[in-house]
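This is the structure I have questions about; it appears just below.
Chain IDs A, B, C and D follow the sequence of writing; residue 1 opens each chain.
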């Protein structure tokens, strides 16, 4: 941590601050620069509210040198295993399925096709967090039962989104990966509880959250003991409105640099329109993502949610073929 | 709802869409414009996923005419009563106190001064949602007990932030207003449950949420039966970094136009630094806000959270005098 | 400047960088912290491309301590005089007039009323920068002639926006303040030339520019010799779309802290709709702005540009009365 | 255009607006919906200031159906030829070179290597628009001479950025493509003049501009007669600060859908750091971009500008090999 003093700071004030910090077991080095006077503070400041030092009239600014996140950085290069599927740096994992589960027949029919076309994991929403209280909110627990059936019948892992901390037991019982949606990325109560269970978590970046905040949310899970976290970039809110959100493709290499956790991309929510999903999917794989989560629906024009951003099955299968070619070009398996 | 067709749409396709919509009991009027062909769809489309119609190859866009929110608009001009304090259009309500409750003596000492200086409601955080799992997280339930004591001793309503849906009973017992923080503005499970109780709710705008989303979150509470909702603007995330967030001062007149709910402003979180709180407070009152929520701390340089954005008591009392002058200038009471 | 090394940095690499910097006449202090190794670089780094040091494989980050702007900071507390009008900390200056000058009669009629109602400066656009090439682009040089007539007849300073560096002589001849619009805030060629003339400049913040960038653009003018710069906040682009832009009200106290230049606010462009102008105007004055620039039009429903954000004269006169009350409340003159 | 009335609109008011619009030769259809009353306005409203109708007390909103841009849409599928290089849908064009030209030897040495490694066009800045007046501003006209020499010696087209409308003749004489930088995307005076010459223009998207605004800026050039416009996505300003800007990868398929103009990507300015350029380059090609513009510098640690985002030659050559593999995977030539 660097404390930058105002020009008119007095020696006694610098001394006072040094005493306060030394008292808290920090070492300090004073730098009397040509332009600024600085105090370099040595020691672990991660739990210190450093910015509060700007309350002192003679402090102009406090600059944090230390990154606030820890856990995700110190991991060894590692894999997340979900049933027979492994997320690691060498392969591409495809997750696909409808935004919302509507009934057992439709999900069964769709899943039977998806598993034949290189889809590794089936997704389906049971509890839907919706901006409007008047929108379709999902079929609830029944949806999880249907997913479990799909898992049994096709030997394929399933994933669904949790919205209520009181539902954790239910999800542990029925799904193979628990998804934390963008709106709950900073629901710390939920994250802490998910850190205490033994089930992989797919943590989606909030549409307004920085990469640093995503890593700190991941640490809420990791620091509580659950080491199986998969990160998912799904677009951020910007001023551009031709797409629902702006896919932050740079997040892929940045997250790959800052952490060893698997990183996947959800092009459906980022684009908000099916026409752009192919481009974004291929871009994500080329950028180094470990997988994709794509919304597919048999009849998107009648989907109960997110129809406009769902691919029809044949379009999805066509996309899978293109993904395979890109994967080969960058020496990855699918 | 307006459906805008692509240039090459065929009559049979328009007819098909009309049939689909008529079947769902919507009336349609076809407009054969010089430049575009349109279908005007009449009826309540608030529960229709209108955008999914863009899945049709021949549809270029779907434009919603109807606003998605309802409840907050249809309210009569009305007040929210909290103990002996009333939020309405004629007066200014001041809420003040520390970011986090640290212990009973310090809150008691501070509260005794605040109530003497026109502060109507005492705030204090017990459960703190923090970006980092390594930051101070509040003293928990004990904090609520301390608040209740303040309420009894000084006959002043108290407010604290809820972070866990499982804590609702606790909050109902101990506080007079339950605050929903920015990060939980779209925690719909929490909002729904808060809609079922009989206790005023202070709903803060998420730092990345639109005004429309704030109103829809308010409707989650209103539509479930709880009609005592107070809205709070507290700054949004933008590219500007001289302040922690950018106070959206325009939200005050916009919310006043779109709803009859009380609207207050939190200048502390918006500014992120105590030096700017005075300007923002006076601006908020001049813009028409019904009140302010301000962080005050006896020794901000040792505060366990948000010290840099807390006012020292004497600065706050000085600000209150200025607020009174602005209130007089715009014919409001304090 | 602080250089933060990667964990695996070698002594020889640190030594190499020290040599390079010493060779450029910078003093360096090495800090061997518990967690990070740092190099504190002492000396004026304002012309150094500091970030390029991250090209070194062993450098994790470079942190600038020094602010990049200079001129605006080092000014004495000072005034900008425009004819008989003075911008300083004690009074409020009102600038009003139509977005575009349409013809001489309409501007004359409007101006005759404005000057009777405390308007200190008349504005009017002659050359209009428009997003679409098909929109009305202003009446050009003729508009400047009309403004000059208003100036002569009513003894009131006039202001208009410049869009072409080749028009500077024209503007010097006809107007009392030259306005640089938001889209030209980073047109450095224009700024440099305006720095060489002897005429006050109103520099509007670009709708996507930071406060720091605004100050650096001001320095392009100041550093070239023209010391009469007035800054104008007019809203920034955010995700919120209930208003055309988001008025960054915090920019007023921030700019007041960082500089001694006069700071005014344009609520018309920020709001984008006449209904919000009153609230934003009063907020700006309460926040400490030195003046306002407001669009007024006799018949906004037929205005050739920006009709929706123009006040009708009677609404403007009513607003002026309210501004006067706020001015009194904060001990300013108007 | 759709006019949406307020609930309490009177018939006489609707009639009045219809008369006004009919008088301007627009046809109107009145829709008396269950929830809203609407007026559908038929005819070309592209030059109408539609939003000003909200000035009427009885109008709630005006919704534009018509897109504001025209030219770029109505083009035939087409190519832009620059010397022996063609931008079209079948191939990838690589533009590379230093941010700033520093002297003739260094550019000659670098260019001799670049042309051997599939680089089709050499870039180099002569006039640099810099945020700070104290930064290196380029070597000016001399830089253009050096570029012309490179063009003659290696038979390779060259590109440089224009910053002053008064320099157009100079650029026409010395370079093969004139680049309009992000900060000048809305410098309409410059765009209009560039529309009158016969030289390809590379138009970079402003870092705060929407795709719609980019297309409207392109129309300033196209509508004035110059049909050779290449669009360039280079990142937009968002709240994320791990990268200099956020590359809007979705802009590639969106621009490809809305226009027939070539679309390239500049990963250097988007990333702001050389480590991310490879990922973003491969992503851009996979997403469908027609080319890339990449900053390459022999000694980035001593570059006079943008060193941190420049690739060293060997890293660039390595990247070119990977680009070739992606190009093959999506059936394009390089």
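Following the convention adopted for this analysis, a contact is a pair of C-beta atoms (placed from the backbone, for glycine too) under 8 Å apart; a residue touches a chain by one contact, two chains touch by 3 or more.
Please read these numbers as outputs of a predicted model, since none were measured by experiment.
Chemist: Hey, what chains does chain A share as contacts with chain B?
Modeler: Chains that touch both chain A and chain B, as defined above, are C, D.
Chemist: Which chain pair is joined by more contacting C-beta pairs, B-C or A-C?
Modeler: So, comparing the two chain pairs, more contacts are at B-C.
Chemist: As a quick test, compute the distance in whole Å between the mean CA positions of chain C and chain D.
Modeler: 26
Chemist: I'd like to verify one number: the distance from the centre of chain B to the centre of chain C, where each centre is the average of its C-alpha atoms, in whole angstrom.
Modeler: 31
Chemist: Taking each chain's centre as the mean of its CA atoms, how far is chain A from chain C in angstrom?
Modeler: 38
Chemist: Which residues does chain B have that touch at least 2 chains other than itself?
Modeler: Chain B, residues with two or more chain partners: 208, 237-239.
Chemist: Can you tell me which positions in chain B touch chain C when the two form their complex?
Modeler: Per the stated touch rule, the residues are 208, 210-212, 236, 238-243, 246-254, 257, 270-271, 275-276, 278-280, 282-288, 322, 325-326, 328-330.
Chemist: With touch defined as at the start, can you tell me which chain C residues reach chain D in the complex?
Modeler: 46-47, 49, 51-56, 68-70, 129-136, 163-166, 183-184, 186-189, 192, 206-209, 213, 216, 219-220, 223-224, 237, 273-274, 300-308, 310
Chemist: Mind pulling up the chain B residues that touch chain D in the complex?
Modeler: For chain B paired with chain D, touching residues are 2, 4, 29, 31, 33-36, 38, 40, 42-44, 63, 65-66, 237-239.
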